[in-house]
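The letters A, B, C, D, E, F, G, H, I, J, K and L name the chains in turn, as written, and every chain counts its residues from 1.
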Amino acid sequence: MKSILVISGPNLNLLGLREPEIYGHTTLQTIHDELVRLGSELGVHVETFQSNHEGAIIDAIHAARGRHQVIVINPGAYSHYSIAIRDAITSVDIPTVEVHLSNVHKREEFRHHSVIAPVAAGTIVGFGADSFYLGLRAAARLATSQDKG
Amino acid sequence: MKSILVISGPNLNLLGLREPEIYGHTTLQTIHDELVRLGSELGVHVETFQSNHEGAIIDAIHAARGRHQVIVINPGAYSHYSIAIRDAITSVDIPTVEVHLSNVHKREEFRHHSVIAPVAAGTIVGFGADSFYLGLRAAARLATSQDKG
Amino acid sequence: MKSILVISGPNLNLLGLREPEIYGHTTLQTIHDELVRLGSELGVHVETFQSNHEGAIIDAIHAARGRHQVIVINPGAYSHYSIAIRDAITSVDIPTVEVHLSNVHKREEFRHHSVIAPVAAGTIVGFGADSFYLGLRAAARLATSQDKG
Amino acid sequence: MKSILVISGPNLNLLGLREPEIYGHTTLQTIHDELVRLGSELGVHVETFQSNHEGAIIDAIHAARGRHQVIVINPGAYSHYSIAIRDAITSVDIPTVEVHLSNVHKREEFRHHSVIAPVAAGTIVGFGADSFYLGLRAAARLATSQDKG
Amino acid sequence: MKSILVISGPNLNLLGLREPEIYGHTTLQTIHDELVRLGSELGVHVETFQSNHEGAIIDAIHAARGRHQVIVINPGAYSHYSIAIRDAITSVDIPTVEVHLSNVHKREEFRHHSVIAPVAAGTIVGFGADSFYLGLRAAARLATSQDKG
Amino acid sequence: MKSILVISGPNLNLLGLREPEIYGHTTLQTIHDELVRLGSELGVHVETFQSNHEGAIIDAIHAARGRHQVIVINPGAYSHYSIAIRDAITSVDIPTVEVHLSNVHKREEFRHHSVIAPVAAGTIVGFGADSFYLGLRAAARLATSQDKG
Amino acid sequence: MKSILVISGPNLNLLGLREPEIYGHTTLQTIHDELVRLGSELGVHVETFQSNHEGAIIDAIHAARGRHQVIVINPGAYSHYSIAIRDAITSVDIPTVEVHLSNVHKREEFRHHSVIAPVAAGTIVGFGADSFYLGLRAAARLATSQDKG
Amino acid sequence: MKSILVISGPNLNLLGLREPEIYGHTTLQTIHDELVRLGSELGVHVETFQSNHEGAIIDAIHAARGRHQVIVINPGAYSHYSIAIRDAITSVDIPTVEVHLSNVHKREEFRHHSVIAPVAAGTIVGFGADSFYLGLRAAARLATSQDKG
Amino acid sequence: MKSILVISGPNLNLLGLREPEIYGHTTLQTIHDELVRLGSELGVHVETFQSNHEGAIIDAIHAARGRHQVIVINPGAYSHYSIAIRDAITSVDIPTVEVHLSNVHKREEFRHHSVIAPVAAGTIVGFGADSFYLGLRAAARLATSQDKG
Amino acid sequence: MKSILVISGPNLNLLGLREPEIYGHTTLQTIHDELVRLGSELGVHVETFQSNHEGAIIDAIHAARGRHQVIVINPGAYSHYSIAIRDAITSVDIPTVEVHLSNVHKREEFRHHSVIAPVAAGTIVGFGADSFYLGLRAAARLATSQDKG
Amino acid sequence: MKSILVISGPNLNLLGLREPEIYGHTTLQTIHDELVRLGSELGVHVETFQSNHEGAIIDAIHAARGRHQVIVINPGAYSHYSIAIRDAITSVDIPTVEVHLSNVHKREEFRHHSVIAPVAAGTIVGFGADSFYLGLRAAARLATSQDKG
Amino acid sequence: MKSILVISGPNLNLLGLREPEIYGHTTLQTIHDELVRLGSELGVHVETFQSNHEGAIIDAIHAARGRHQVIVINPGAYSHYSIAIRDAITSVDIPTVEVHLSNVHKREEFRHHSVIAPVAAGTIVGFGADSFYLGLRAAARLATSQDKG
């Protein structure tokens, strides 16, 4: 059975509490539960991880080597400047799906650019918690098949 | 039953023939067939449209008023400069999902910016034909429910 | 009797329906009627044309040669990138008045720049439907007199 | 009866003498006379003011509070950098029409940008002395009616 | 016998009439006749096409697949922004020669950049109608030989 | 008989040896021989010159006054920064054709801009050694006729 | 007893009347009274000055030489472009505290940059009328002591 | 009694030791002691925290929810790029005062821009240790009163 | 006898007192005396004027019409942004020599650009008080002779 | 005996495993061993440290005070944005040699700029593991001698 | 007796022949003769040098060490990019006066910036051959006196 | 025995005389002698060359073909703009080590960018004469071994 690691970056632990007009009312725990459930529906194992620490996210990506076949990551604010996380993704050579809850292209100029996107397999932006679920579907496809349409 | 219009922009009629190392081997017709099939699985009506003409795409968006509840659009090259298509989307006030087959963030600098993205509900980039199918899932969710997680 | 061609670009056919908080509730047909009426008050013949197609607007400008003495154009979104329409205006060498309904300088950065403005005789921006009527007055003056104050 | 203040900025006192190939041969006094005449035709009171001093223009705008319902301003060179005049306009909260005699978009790059335009109701550019007269018509409409087309 | 398609973009139908100080007095029909004649001298078949419509040019490029071995294109104003035409050229994978009548580098800043040039085999700029004839010579060489000096 | 000077800039002496995947295998001597031959076919005298020294190229352009009617120049890397060579060309007032072997628009960003192009009659880019031969044809036309199509 | 000059720039005379959602309801006279009162609490003499004229502010700064030990200045809009006021401050060599009522970093891009800040001792931004009072406290410290923590 | 959290970012633990010509000789411990003392004078509880770790600062901001009414933060170098800390501040919705010891506008270009400033209530820059004390006064005002002058 | 007006802008009244390490110790009065003396040596009448007010400088330039044949101006800080003074110079059509005491190219970036320079006959920068005297020599040449070497 | 601290930043723990076509096959442990050996050959003590955590690297630099005379640092991705590490280096005032394994100037644009370089003594880039060894030689020279050639 | 070296850069040997509408009709030899004559009037020895070769100009500057007390240089096109000549000037530590015949600020954008200006004592621009003579006067003052006004 | 060519660019002949606070007191001859000595220690032949002429440096690089296995180059000021030298290096396909004596990243903005660096094997910056010696060590490694750590 394929295994997928879902990583959430800084401030996502406050999801549901933080700026609900932008990010909605669902908590991260609820999303994690639903991801595990959807994973088993799609036939993949799902593990979740959250940290506010850039270094801890890098460590988690390194630790995924040999254990997970695809990563789904919501890098939060680190999307916009953490070249270190970008390099971690290319270092471990695991296909990675980048997701964002809000439509970053509707917000401040500096949120329009992601340093992660060019090393991700693909990106899903703007569908609230659904971004995670669509990201998991994309990841499951990447994990179980290399055939791209 | 909700109805979703799927629009494909310039050169997508050559899909499967054009630069397969970037866009894959699936033809647009195959994708259209699968979209209709997936739509009926998701309980939504799906119509498809392709044109190389910016004006024709604008006309199609206008015609969607009162007939479709959500638009899925792959604007192709027009993503990067057609403010006219952007304005068409805001004019008709229909939620719109933007999709791209290739990971535009891995390609030329000018492909990193979409004038459509800020007026779309969300964007799905880089999963080949799966971008269309994930986009249809997102659209179906938008069509059948306003609750965002 | 002098003749003036009034051209409206993409999405203006939805006027009165589209984003009324920006563009107001008057329809394009109402404006066209008033332009014809005001033209006869000012002693000029007025013809109107609208298209969402950049190429069709270029064709209309070409066809104005020998038939109209001044053009009033609201290029809509094409204002910001259609060098082809700009070149059409300089090609036919007919004095052209550029009008915009909304104050483009209050909106997104990319709407602050018009590629048409440098080849227009002048520009009128921000007065709603009055922009068209003021533009027709300016055009009538250009058509009937070369004396500038 | 509504009252409209027409303000002219630096160097416009030399109008008719200064660079006639750009600004024409009409003097500012002639324009002021015609504005008063046109005002009475339109049923509005017109007062005129000119100064080369940024501070004096700000003082005049402040003094307009409670005395004039609309301002027509040709800020001249101050258009391009006087944020202080811009703030004066927003401070007094009187609708303001910006006019320019020459087509600034045909001239030096730095004349293409106006710091006043985003706080004006609208802008009229490039019709010589007619810019003032069209501006007065626009102002009279703003003074006597809030209905915008 | 090899076949070469010569495409002319927007406003080139007015050649000989439009801004002769920039583009000269020869009409497009005269150029087309000379291209056919020169083609037969060089031993290649020549077809010509002109349109003001971006979409129609894309359609023509698509239709060239299997019928023409090289394209000569004067994209006119579309050179500067039509990524859609650029993508059409790469889609059909036919060697393409870009030509311009005027020396675009002597004109406005925005004419110095062509989005077509990076996907063309080569570019010929500034020789009036001769740009077309030199372009046909270059195309004939590309059609009949892959040896490059 | 008209005379044409063909100048090659830095590193072109290594042609055929240097980066053949970009510049091909033909040596500069072979090109020079063919240019002389083609010149006699076209009825013009051809002289050739190569130097790696910016100052020597300027001296050669100065010396062309009164001896050559047109210059064909491949300025190599100096294209991108030698304002001194640009000024030499305008100083001697001899029509000049700029040629490049490789398609500079496909290469590094800094090669997309030529300081020579705005003072050249025209530019030919990307056809390998053929760029020189097409350039000579263009030069011969300029030398023998002022009629431009 | 040390003396501190408090200067307010353009449009601050309208304080309490102008855009209260940005600047609050307190008038400049009320602030001036409180500054004098707080000054006597802190053991410093306070004088106040307001002008809409850039030149008058420069004159006031010059006149402060030998009369005041510290300047507190709210340069208003002149913060963003008056290099002349900046030079006046460096000319008289009197320590200067820059204050702003609103948080300029939350407003238009052009308000994020102050040409005064690099020649000020320090800057206090965003606390409404408290910005003046905190600025006076900072100034009193600078006036009575050179010891910085 | 209101509670205020004072956070100091990277390298501030070396205060008094590090670059004294820029930051002065007072140690962070001395400042913390004075802040607690001044807090009791102002009738507010003060807690202090320092870390070199971006993630630890984010965690501390999160932990302030429900415990502190205002935050005073000297983000040090993180001011210039930590969008993650910026998002932490907006996530917890606690008014925040940004302080800097040195006048950042006199130093390197990259120190002129703070990503924190637009989400802070206000900013105090350049008064050495006094920046902290003035910041605490501002915070105490924000904590005990919503009335802004 | 020709007459030359020498204008000095903001803060030059403090010359000799202000930043002597940049501007030297000579006072403006001393320079004015020497300019009058040198003028009589060169056979031209010299008048001098200084103001800190942009508007007053514009008024002085206007008043020079018909009274002075050349202007020498040290616009001080207004060099860098006063388009109004620039327009005043072009309005009166009097040849103008721009002078600066310090070498502005050695100082802050924003001092490298003068909006006056493109409308001046020429510029003299960096020779202290000698800049004024060299400027007067240049002006005397312009006043007494139109022959340029 | 002088002591040198060698710090490696994020993802360097994967050296030999990560992108060997860019970084080679040598592991970090092998490099550390060789550095210690080379140190003893050069007569200096060598300690090594690696972390993916920006804060931990800052802590390590702080801890070097009084224990090491020179630092050799490969900041990895933090080179491009960690102003906090830059400030840590200037805070401790220990000469620092920056090294990079790959030639960053051949890679993505954002890798061309290092915020560390301006505060380093010098930089060595592009020699694979040899960059570390050359860096240690440079560091040993800095530690044992202040004489620079 | 003090000695002054006057250096002229590329294309200045064509002076009087080249673009007389920009540079006038005086030849460089005439200017050189007048410079020697004016030098003897001012009591300084004058030597002149011209080259089109950047390296030769650098060699000449080096050779000036110990032989000339001031350099007057018209670097021509090298002004805009020759950092090598700039470094030569700082290397020999001889005060240098930069002169330009034409007003470079009225010409192409790239001529507005000089890499020489920041290392020159001062700059004289726009007075035709008089620029050289004024430059010699400035140089003579620098050579014979260090007193600056 | 491998042979290494060491090239020094403009103004380096003045080393030890020129700006010793930046470049130190060692002369180029001393460095050349030490390079030869160190070369024999490392078992490689060393030749040295210096010129102020860009063309001469290009000629020297061309002449290295077949005679030297590695080049060490200090391009001096040419580093920042000589694309011609860059192309010479890629033309001869000899591994090249770029060295700089001073830390260019601490100096003027324009010295931060090298057009040579992307075609060099690696770069060594900031260690005074040691930069040359470390560069020779790096070159010797490149010459005798292709194994990179």
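One rule holds in what follows: a contact is a pair of C-beta atoms (placed from the backbone, for glycine too) under 8 Å apart; a residue touches a chain by one contact, two chains touch by 3 or more.
What you see is a predicted model; the values in this text were computed from it and never measured.
Hopping across touching chains, the smallest step count from chain D to chain K is 2. Chains that count as touching both chain J and chain K, per the definition above, are L. By number of C-beta pairs in contact, C-D leads over the other of C-D and A-H.
Homomeric contact chain K/chain L: same residue numbering on both sides for under half of the interface positions.
Measuring from the averaged C-alpha position of chain C to that of chain K gives a distance of 54 Å. For the pair chain D and chain I, the distance between mean C-alpha positions equals 32 Å.
In this assembly, the C-alpha centroid of chain A lies 23 Å from the C-alpha centroid of chain B. For chain H, the set of residues that touch two or more other chains comprises 53-56, 81. Here the touching chains pair up as A-B, A-H, A-J, B-C, B-E, C-D, C-E, D-G, D-I, E-F, F-K, F-L, G-H, G-I, H-J, I-K, J-L, K-L.
Residues 9-11, 13-14, 17-19, 51-56, 76-78, 80-81, 110 of chain H are the ones that touch chain J when the two sit in their complex.
Residues of chain L that touch chain J in their complex: 24, 26, 30-31, 103, 105-106, 112-114, 117-118, 120-131, 134, 137-138, 141, 148-149.
Note for the complex: chain K touches chain L at residues 53-56, 58-59, 62, 81-84, 86-88, 90-92, 115.
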